[in-house]
Amino acid sequence: MIWQLDLAILTLVVIAGIGSLMVKDLLGAAILFGAYSFMMCLLWTIMGAVDVAFTEASVGAGVSTVFFVAAVFRTTRRTKD
Amino acid sequence: MKILGLIIAILTGAFLIYAAVDFPDWADPTSPASTYLSPRFIEKTIEETSVPNIVTAVLADYRGFDTMFETAVIFSAAVACFFILRIFVHGEPGERLYRHVLTGVTIRVKEGKIPPSDDFERIDASWTPHDLIIKTICRLLVPFIQLFGLYVIAHGHHSPGGGFQGGVILGASIILLAISNDLRTAVKRMGEKLVGLLCALGVFIYAGTGALCLLLGLNFLDYAALASILHVDPITARSHGILIVEIGVGLAVMTAMIWIYNNVSSNGEYDEGL
Amino acid sequence: MDGQGEEGLASKGSRTGSGNGSAGAEAQPRRLYFYPFFLTFIIMFVVWVFLSGKFDPFHMSLGLVSCAIVSYLSADLLFPSRVTKGAFGQWLRFVKYIPWLLIQIVKASLHVTYLVFHPRMMDLIDPRIIKFRSKLTSDLALVTFANSITLTPGTITVYVSVDGDFKVHAIDKASGDPLPGEMEAKISKTFGEV
Amino acid sequence: MDVVVVLFLFAGLFFFTGGAIGILRFPDFYSRLHPAGKLDTLGLLLSMIALALFNLHHFSLGTVLTSAKIIIIVVFVFLASPTATHAIVDAGVRAGLGPWTKGEQRR
Amino acid sequence: MDSIFLYSSMFLALLMVLSLYRGVFGPTVADRMIGVNAIGSKTTVLLILIGLVYHRVDMFVDIALAYAMLNFIAVLAASRYFQKRKGLYDEA
């Protein structure tokens, strides 16, 4: 494990996570959540968990964003809070 | 109320961080997991299953039950999506829009009737002209993505990957087709019934392999029993058994992804999608 | 940037019927032709060899099965028309086209990088929309042209119609001016269009 | 050999930097896409070439194939990245975002 | 050589912070898409860099390839939204 890189990516994870929570627009939140899962994938990679990173890359980056966008497409873009 | 939630979240987070201090360090050789469990797998996996990637062996062989029920969970998620969202309404027929390909004239046709000539193509209500670049590039890329997905499934023994990842990539290729053209194109290629059957078949392959082992006289999911069918020694049989199981997982995950996407994006009507 | 033609006609129509689930009712069965299947199989197998890197019979047979599955599923995506003649020469000429494109990309990238780091960047850039009509006819040539424009920094293809109407967003006068020009000539030579 | 690798890698990083700074500095959506979509692609090409070259140090069939895979990634990105850029522009146009012209406020 | 790779990857991570600024604070959704797309292409390089630092590139190449493919799909889906639904400023 490379602690410098680990620290940098952890910071990015936190920023992306808080950002995707704070954004009012649900489509923007879905897109930012994609960025969050990129960072998680990098984090797993740095820890050496290659299989988990692969799962995160395929599920988190690609398909889950598409599902979120499809769900936003069929419901609404506004959140209540 | 928001402030209360924030306080609770901060308290829980602080508690978790406090608890995490007691965790063993990353890759600490004296931690409980590394003292006897990991060395056992690291030393014995190759000679017991002849699979170089230990994670795959643990996932599909040593903890086969776990993975089987994970697959079942994904299957039931897709089925739940289907039961909640899918609509079969036989009310009064609605209208469908058809567009003349050459002139761009759009007409409305009652549902169940056929447009006047073959030059008409079915379009969505919120239709926009096809994007030439996206359509062409996706057409060229989809086969390569599918090949890569199959490669990931087939090489789960030697490199990272396996049924889950390969299945997701395969499903994503069909979803890409639905995004770049429209939903009906993808559904034409992979019909609804086919998707549902393949999804169930994937779980059936997994559980059926386990049951076959049981019938052949060993424990459930002990692939060494397959040696007599495949005409190989028990160690290679375990390796092949893992591959068979991975194919089942791949099928189930791929079709579950397509199924969920179709239902969510078309609101259960299988008519117009994202 | 006005709307794109006939999209107003269909925009606010009522949502078509609540569906009886017969989405694929008018679907014709897909025919599988030999030459597209065969060519796809060959291409896929070459890619598989590069991906796999294992040459024992077991993995090779897995590769054959996978390539057959992919060719069965999507041979008609890679080769939509049955005619596959002249594809090989096109590929050769396309490979010749790539180095020229790379040089253009590097040149234009340096220009954009200069713009990015320039302290008075706001005065230098002058975004504009350029419209022109291309002589190219085939879909693949149009898409190659559009993607080459997009890959060259300083210009982005905003819209391409099937007939070859281009709308290009250029970041300043210098990067927008040479269009369509030499690039179009090269591509029309590559795809054998006069 | 190492000099070439480092040279390519730094050239790639230079273009990446240009892309990242450009995204921040440019005034509107359309002009931001110019550095984002393209400088990144060029940076990816250069740094991937560097990494593929470095990977060839221990010359064997395995490393050659790995380098070939890295080149496959580059080819894929060169097909996909302009398409993604075009899709984003298309999204902006459909959403009704007007282009920035000289003399306006930056947004 | 390893230290060069390590510092390059640190530098890339720094650049990702800059792109993430556009993602989090971008005035419109389209700007967020630009930011996230830029992060995606940097991640692909970063994965291979990490692989080189760990001396196991053959493992990490597959992830990078899958990554390049799926990032593309996500961007396409998000932009496809605007072809069907108009309006950028839904964020009230």
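Labels for the chains are A, B, C, D and E, by order of writing; each one numbers its residues from 1.
One rule holds for everything that comes next: a residue touches a chain if its C-beta (ideal position, glycine included) is under 8 Å from a C-beta of that chain, and two chains touch if they have at least 3 such contacts.
Predicted, not measured: the structure shown is a model, and the values here were computed from it.
Common partners of chain B and chain D, by the touch rule above, are C, E.
When the interfaces B-C and C-D are ranked by C-beta pairs in contact, the top one is B-C.
Averaging the CA coordinates per chain and comparing them to the mean over all protein CA atoms picks out E as nearest.
Centroids built from CA atoms put chain D at 18 Å from chain C. Taking the mean of the C-alpha atoms as each chain's centre, chain D and chain E sit 10 Å apart. Centroids of chain A and chain D (each the mean of its C-alpha atoms) stand 21 Å apart. Across the assembly, chain A contributes residues 50, 53-54, 58, 62-63, 66, 69-70, 73 that each touch 2 or more other chains.
Within chain B, contacts with two or more other chains are made by residues 124, 126, 128, 131, 133-134, 137-138, 140-141, 144, 148, 152, 160-161, 165, 169, 172, 175, 179, 274. In chain D, the residues that reach two or more other chains under the touch definition are 21, 33, 37, 41, 62, 66, 69, 72, 76, 79-83, 85-87, 90, 94. Of all possible chain pairs, the ones that touch are A-B, A-E, B-C, B-D, B-E, C-D, D-E.
Every residue of chain C that touches chain D in the complex is listed here, in rising order: 1, 47, 50-51, 53, 105-106, 109, 112-113, 115-117, 121-122, 125-129, 146-147, 150-154, 156-159, 169, 171. Across the complex, chain A meets chain B through its residues 1, 47, 50-51, 53-55, 58-59, 62-63, 66-67, 69-71, 73-74, 81. Across the complex, chain E is touched by residues 2, 6, 9, 12-13, 16-17, 19-21, 23-24, 29, 32-33, 36-37, 40-41, 43-44, 47-48, 51, 54-55, 62, 66, 69-70, 72-73, 76-77, 80-81, 83-85, 87-88, 90-92, 94-97, 107 of chain D. Contacts from chain D toward chain C in the complex involve residues 14-15, 18, 21-22, 25-28, 30-31, 33-35, 37-39, 41-42, 61-62, 65-66, 68-69, 72, 78-79, 81-83, 85-86, 89-90, 93, 98-102, 106. Against chain D, the residues of chain B that register as touching in their complex are 128, 131, 133-134, 137-138, 140-141, 144.
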